[in-house]
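Some structures are shown below for you to check.
Two complexes follow with subunit A in common, the first pairing it with subunit B and the second with subunit C.
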Partner chain A sequence: MMDLDKIIASLREGKHIPEETVFRLCLNSQELLMNEGNVTQVDTPVTICGDIHGQLHDLLTLFEKSGGVEKTRYIFLGDFVDRGFYSLESFLLLLCYKLRYPDRITLIRGNHETRQITKVYGFYDEVVRKYGNSNVWRYCCEVFDYLSLGAIINNTIFCVHGGLSPDMTTVDEIRTIDRKQEVPHEGAMCDLLWSDPEDVDTWSLSPRGAGFLFGKREVDQFLEKNNVELIARAHQLVMEGYKEMFDGGLVTVWSAPNYCYRCGNVAAVLKIDDELNREYTIFEAVQAQNEVGNAIIPTKKSQMDYFL
Partner chain B sequence: MSSTMLDDVDDNMMGIKSAGLYTLLNNVVKEGDKTQLVMAGPEEVLPDLIRHITDTIPFDLFINLNNGLSDARSLITRLNCLGKFLNDNFLQQHVFPFTILRICELCYDPFKYYKINELEKFVNALEKCCLVTSSWQEHENTGGRKENDDNEDDINLIKNQEDVSLMKVPWMNKDSSSELTPFIREIDSIMSVNLGYDDEEEDDEDNEDGEEEGYFDGNENGELDNKGKCNVLLKDENFMVEEYYEEDGDVKDDIVDEKKQDRRTATIVGDDDGDDDDDEDYREDNVDEGDEDDDHMGSTDDDEEDDEDVRGEVRNIKAGRRDEKDETARKRKPRELDNFEYDHSPSFTGMDLTTPKKYKHNTTGRFSVIESPSSSLINTMTSSHALLSSQEEEKGDAQELRNGEELSDRLSQEDELVSPSMSSSQEDKMVAIAGISYHENITSPLGKKSR
Partner chain C sequence: MSLPGTPTTSPTPMDEDIEQTVSVNTEPKRVKVYVLENNEWKDTGTGFCIGEVDESKSAYLVVSDEDSPTETLLKSKLEGNIEYQRQEETLIVWKDLGRKDIALSFEESMGCDTLCEFIVHVQRNIESNISLVTVKSSDNGLGSVHDIITGPVTLPSNDPEQNDQTLLEALKILNENTSFDFLKNETIEFILQSNYVDTLISHFHKAEEERIPKDLFLLSNIIKTLILYNQRDILESMVEDGRIMGIVGILEYDTEYPTSKANHRKYLGSKGPNFKEVIPLENEDLKIIMKKCFRLQFLKDVVLVRFLDDHNFNLISEIVMDLETCIIDFLQVGTFLDRLIELYDTDTLPSSSPEKEKFVQKRKDGIRLLQQCVQMSINLDALDRSKFYKTLVRKGLFKVLDYAFHMETDSNVRILATDTIITIIEHDILLIHNVQNEDLFKQHHKPAPDDKCSVQGNNSRNNNSNTDSKLLSILSTILLSDKSPGLREQVVQALNTLLHPEGCLGNSEGSYDLMGRSNNESKNTSEEFPSFGYGLNSDSINLNSYQYNGDDMNNLETTGSESEFQIMEYFANFYNKIAPILFGPLIKKVTTITEMTEMNNKIKKASKDDLLLIHLVKLVSFVCTEHDRVLSRRFILENGILDSVSRLIDSNHILQLRLTAVRCVKNIMCLDDKYYHRYMISKNLYAPIFKLFQKNIDKNNLANSCIQDFFRIIITECRAHQVGDHNEGEESNGTHNNNTIKGKVNADNNRTNFTILNKYLIQTYGNILRKATYVPFIREMLEIAEESQPEHSIFENSVECENDVSVNMSSDGLTSNHLEDIDMNNVKRLHSEIEHFDNDPHYSSDQLAFKKSADQMNAST
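The block that comes next holds the complex of A and B.
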């Protein structure tokens, strides 16, 4: 049944969604995403959110702390899946919100929204564990291919998952990329999803093996050339939840508190109001147990012990 | 229109001019009663809604036009485009867009979301909602499940159960459950002796796949297959699936032993029939995925040895009556891409109620299925007799290996039960995959020795 409100309700409880329903959700999401440009336009007020990484319960906290989808627009800067134990639910919840409120949610592709990465970092395994086959993973990967590469708020704040690319220095150039593909190992599309800001003089090799390191000079050039005030990105763990760099020309927003259930960091979202003021909201990870003492985070402890 | 009337309308009907549309939107948005939309139908709702979007909202509600802002004209054009789009793609097709709920919400009370001078943002939002092609009705019908058979409902019911230990399996009728009785007895005996299996193995991530592959071999025995179905369908969402795989893997060794004896008994006849239905499903998938799987043949497998042990035992039973070749279990490397063009229809349909694991393990299953004596039944069902003659050579080899008793037994059941192998096209593929050794193995009885 495609009653989105019901699906959203069961996703919020972390319940199983039938394969067929996931298929429909993915198909319809593609339809919406197809209409969006590589750099999609977003109006203020809007809340910018960083990496989620399958931490469904923290994603719910995020919505709660920042007003909810009824009250404000959201941009998610990618990396919805992998690492956490609820990648599928987190991603589907975002998709459902997108389908239910197409004008309120903008999803941007992160470096984890690819077949290769999800295969290694948890999403694939999670789907196979939950469904016994990889079909759902395939459906989701198709959706990944349609995700926008960036967003621009009121033509003054550029949002991207990773950072800048030496190949493309203007937003308009980015708009020309043919994005409907698996993220390549090099080139502008790859750089946008993989690059990191760093105190470097010029473009430098990234220790990640993909993308580049870029410094204040590159950021300033980009800001001036595109008449943009701020680059908002995610991609890197920030213990304080957010970190402004280069005299406020770039900000890293991180929205996965206690990353990987062990990093002990707080998370943040960045709210941009109509006057383009920045307002950060900090939040912490949910308790590892719910009110009746059941672990929210699954353990590896074998349940078969019960029988032994 | 006089200003007093406008005020009236504003007070009473959120600025919506059509009383019918107002009542409807009020019900849908405020009361959350979506059935109203279905009952009214697109013919009744959409014309008024389109008029509301293109006329009332820009001219009477937002103030942009009155202020003579320069961008107002282009906004009107965009709204008119949306109106035309809705008319052409949905009203003419007698359907709603699947985003109709959001469109209703935006149109019912634009000022809940936007300031009175933010017509542009409103148009942006409405464009995002309207420019779709899928219809809402489609969802109701295909997703509604109402006209579907109880079977699917039952399964959904099971999925929503917290505790499924004592649920009746919906697709289980009396016949099939009586067939299962001897097998259940077997399981019980195995379970009682096999309690001390090693839990630690589970921590090894690689093990999961390995065990599943082992499990798949079990499917050749037909009865295990049924058990697999139970496991998947009954599994609670919170339940750790790995245990099942593991259990099957361990259990199989014992089953195999017992089956050595059971094979001689009459139960095998019934079992073979059971195999046919299920195996046929694999075959379709095997063919589909064939090309894709070729890429993975070379991959190494950490669990190879374990699998070989299990496999070896299974083979021992059958070695007497079929040729085989030595192939090792292969497993996908984590970095390998699985990017074949999947079928765009969801596979969760009635006939696919076999365990999903089978799909995943087609890659190993292909070999097993081909070798399995029961799969020859499928070949005869799916391929023509002409095919058989083309494979005389193999047949001869295979028959040499069979003992007379079994052969005659099988022939008496169905006289076309001769081909031990697959269709020629598939054979080509096999050769491509397995290389020269494959040919050696199927043509020479000695090929078996290489194992």
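The block that comes next holds the complex of A and C.
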């Protein structure tokens, strides 16, 4: 068995993880994730976290500000990878926590957890830089396919990366998806990961080219039909870290401060206590540090030897 | 300020006196002269304006009266820091040093142009402090837009002695100068023509030595500002040998991270990426280009990664691409590639052991080099790519691959070799084939009239299919023998590409003629003979066409259809020779002692390798879905592959594999192919799915969802058939009476693969299904089964014919009249439900198609 604590320590320092280790981590994670439903059950108290996007050092801050995985339960709403320079370390760290504390951390798939998107937005490139080939990317993509599509807290709060789908309007219907696949370009599985709330009267075309825009009416219907109180989702940058909409029926949580190292936004996580009270914690980007406390400037790794 | 009007009278012929006095200066242009008095523009007369430079090098705007040319209406010196404004097209307005406001209103904009050019000339050559700006009302009509045409440009001090003052001033100037194109261009000119960047670099070394952080951060901001000028020449000059270290050194300092410093120089220096010459480059220019290319990428990806905006990023990418095109071009001339590929000649291995080791390392590096070349070529345009890959193949790329796959044992090197292959075949799947057979083609282009081709390919083309299948065979062997999971995934990707019929077709031109024809000729027999269905084109080629006589052969060759035959042969060959090896672990062997060969041992071992089996089961899905149905089905059924797949569901294998096997069964079920359906029912291949379902019946997990999806497919297909039949009835029959009769007929037609399957599943596994009625699809399955009320089991027949199902495929063994006695009530009930589902978007038949396409995508990733 792997020494997870050792790997976690290495990851927190942004150190290189051997390909073999990544492979075993990924394989073990698959087994764990397969036991979870498309919409997995989670109990309070729990802290809901939005997009991370490879900002490893901000992820460490997130854990620090919100209690840490040793003490607190977490749901991550997807988009662990792309954009930032430490997609691999961020995702592997979450996987390690998942393996180390299976009941304390729930990982949901985001629209960036796909082969197609990661090839364009940085994760693939990052892996090739760090390993000289794409193997590790392939292993991670295989894990993406096993991630849950949503979570439900105390049967009262529905968590999803993007939003709702006109094709499947109940949690039970979502359970009938065979989720082990690349995210399709349309259909319920796609919509859950891609849709956005908007001030619209009914389902509308999304400018993203995938998923839908949905309004208060769709949210109210979903809440009533499924007997839930809140939809918690991520997927959209919110400068203030979080944004409630539709009389508090939906909230967007964003957890990547100073997104892309330049947006200047703050980040937030949402803690739900046993009485279902909502408590937001705001945090900012801080200067990254290495293991001995020296500052780190986030950057990409240059390619290795070159012949041309 | 109210604008003066322009003169309206037509110009008089030019006076000769004026002509003489201005001939060295500008042509006279007709204007009205205004001066501002008491806040009102006063017309002081109409005349001809010239720009004049006298002997003492003083420049003037002179207007002489049009009525009395000797009389001067205006003589105004261009001097000091006068700012001339060109307002709209025909006005020049300024305030002279005596604070007098003057305006020239030209009759034509051409005249105004001429005098503006004169002002520019004077600014450049005589009075450098005057300026000319244009003022135009903005597009939205509100406010105005200023632009500088010429004027004094403030430039940073290029004094070798720099300090925080000069640097701060320079930063301010450089930023301000970006606001107008004129200033920006002048500044760019200054940067490129002077040694300003070198001045900065030398001050940087001083500031770093003396630890002056203020200067260091200013320098960093100055360099960044220069990069924001987004100018190709500046960027290229920064990465030259003499500057690159200075530039990245300066950029190690960043005001955003005031307490830390990057280590770019260290990286580019000894510890960082090294430029390795596997084969010495003879061309020095090429070396320079390669270095430039690498450094620009380093700037883009590492040094400036958080800083560049889209424009900068695109410009650098553009430059890099130009350089890459240039590199790839260079590589193809001269002997570079020949010398590289010579490394893999089998007889070149040195005898002494340290030499040998070095040489083996060189061969590894050569493969890495080739992979980088091919990787670099991805951004090139398609023609350049084809040209480069053809050159590679002609010069002997296969020799390198042979080495990588047969001699080399390092998975990492094999991965790079596979990557190279994937890049080439994904660009053009026939390229390797075509180039390799160029010579053979010439030899065998005109076969003898009696040289008939056969499915086995025992003919002149035998060589071709051998070279084709070589790659497939190599890849299959690697998949079965190499343990590296990453390499396996890559190999599967390569196999998917090589085995994708549309990929083969997409690149073969001039083949449509044959396809259309053979399609017509073979329509009725396409089920009996192996044929190649090309999906979207709904064309199929029958292997019958191999029976064409000599005349036809010549005909076909002239229409360029040779490649069609090769594709057919290629797939026939795949199923004859490659597939039995590739799918070996899934083929049930009748094992005798003599057959316990080494290969069988390997297969036995492989059949316990779950990760390998996952790939193989996915490949089964792929060939069943994508390849010609008859050809692939024959192979799949004759070798009992589905039996093996089904057994994998009910096993001690890892759940990932078991669910992959369930998905394979689902995919094949989705094909709606009666032979597969009949086979799977008669062989009871669904049983393990229900066993798995029973174990997960109350669980909220992936296995449960995966099987719920199985039920969803069945019910969606059953409903789709009912809805389809129902609509048909509605359209063609107006009266109620006919409708019900038709309804009965349609109910008979409902004996589709899926309704039969549904009925079978309910009968066989009803006890399990009834425990899971929380699944809406299962409730519907039960309802549908009840609707048709069978009197007796429909599967008695199928159980009887279990043993000969694969032999007896063409006879329809399952058409017993089990649905004949449906009563009218049931038919009506059916109708009312149909209406309901018709309105439910969830049940649209698109779902299935979309599921298929998603699965395809999964199979190919």
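Just so it is clear, the second predicted complex is superposed on the first by the 287 of 308 C-alpha atoms of A that agree within 3 Å, B and C clash if a C-alpha of one lies under 4 Å from a C-alpha of the other, contacts with A are read in each partner's own complex, and residues count from 1 in each chain.
Please note the rule applied: a residue touches a chain if its C-beta (ideal position, glycine included) is under 8 Å from a C-beta of that chain, and two chains touch if they have at least 3 such contacts.
No experiment lies behind these values; they were computed from the predicted model shown.
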Now for A:M168: first (subunit B), second (subunit C), both, or neither, which partner does it touch?
-> second
Pick one for A:K15: touches subunit B only (first), subunit C only (second), both, or neither.
-> first
Classify the contacts of A:Y101 with the two partner chains as first (subunit B alone), second (subunit C alone), both, or neither.
-> first
Identify the partner contact of A:V266: answer first if only subunit B is touched, second if only subunit C is, both if each is, neither if none is.
-> neither
Contacts of A:L276 with subunit B and subunit C, given as first, second, both or neither | neither
Does subunit B (first) or subunit C (second) touch A:G132, or do both, or does neither?
-> both
Of the two partner chains, subunit B (first) and subunit C (second), which one does A:D43 touch, if any: first, second, both, or neither?
-> first
Please indicate which partner A:F23 is in contact with in the superposed arrangement: first for subunit B, second for subunit C, both, or neither.
-> both
Would you sort A:F85 into first (subunit B), second (subunit C), both or neither based on which partner it touches?
-> second
Where on subunit A do subunit B and subunit C both make contact?
-> 19, 23, 31, 35, 41, 115, 129, 132-135, 138, 182, 300, 302-305, 307-308
Touching residues (chain side subunit A, partner subunit B) in the complex | 1-4, 15-16, 18-21, 23-24, 27-28, 31-32, 35, 41, 43, 99-103, 115-116, 119-120, 125, 128-135, 138, 182, 300, 302-305, 307-308
Note: in the complex, subunit B contacts subunit A through residues 34, 98-99, 101-102, 106, 120-121, 124-126, 128-129, 131-134, 139-140, 142-145, 156, 159-160, 195-196, 199, 202-203, 205, 232, 237, 239-243, 247, 334-339, 342, 345-348, 355-357, 359-360
Listed in rising order, subunit A residues that touch subunit C in their complex are 19, 23, 30-31, 33-41, 85, 115, 129, 132-136, 138-139, 141, 145-146, 166-168, 172-173, 175-182, 184, 186-187, 260-262, 287, 294-308
Within the complex, subunit A is touched by subunit C residues 254, 257, 259-260, 262, 267, 272-278, 290, 293-294, 297-298, 301-303, 305-306, 327, 365, 368-369, 372-373, 376, 412, 415-416, 419, 484-487, 489-490, 654-656, 659, 663, 666, 699-706, 708-709, 711-712, 775-777, 841-842, 847, 850, 853-855, 857-858, 861
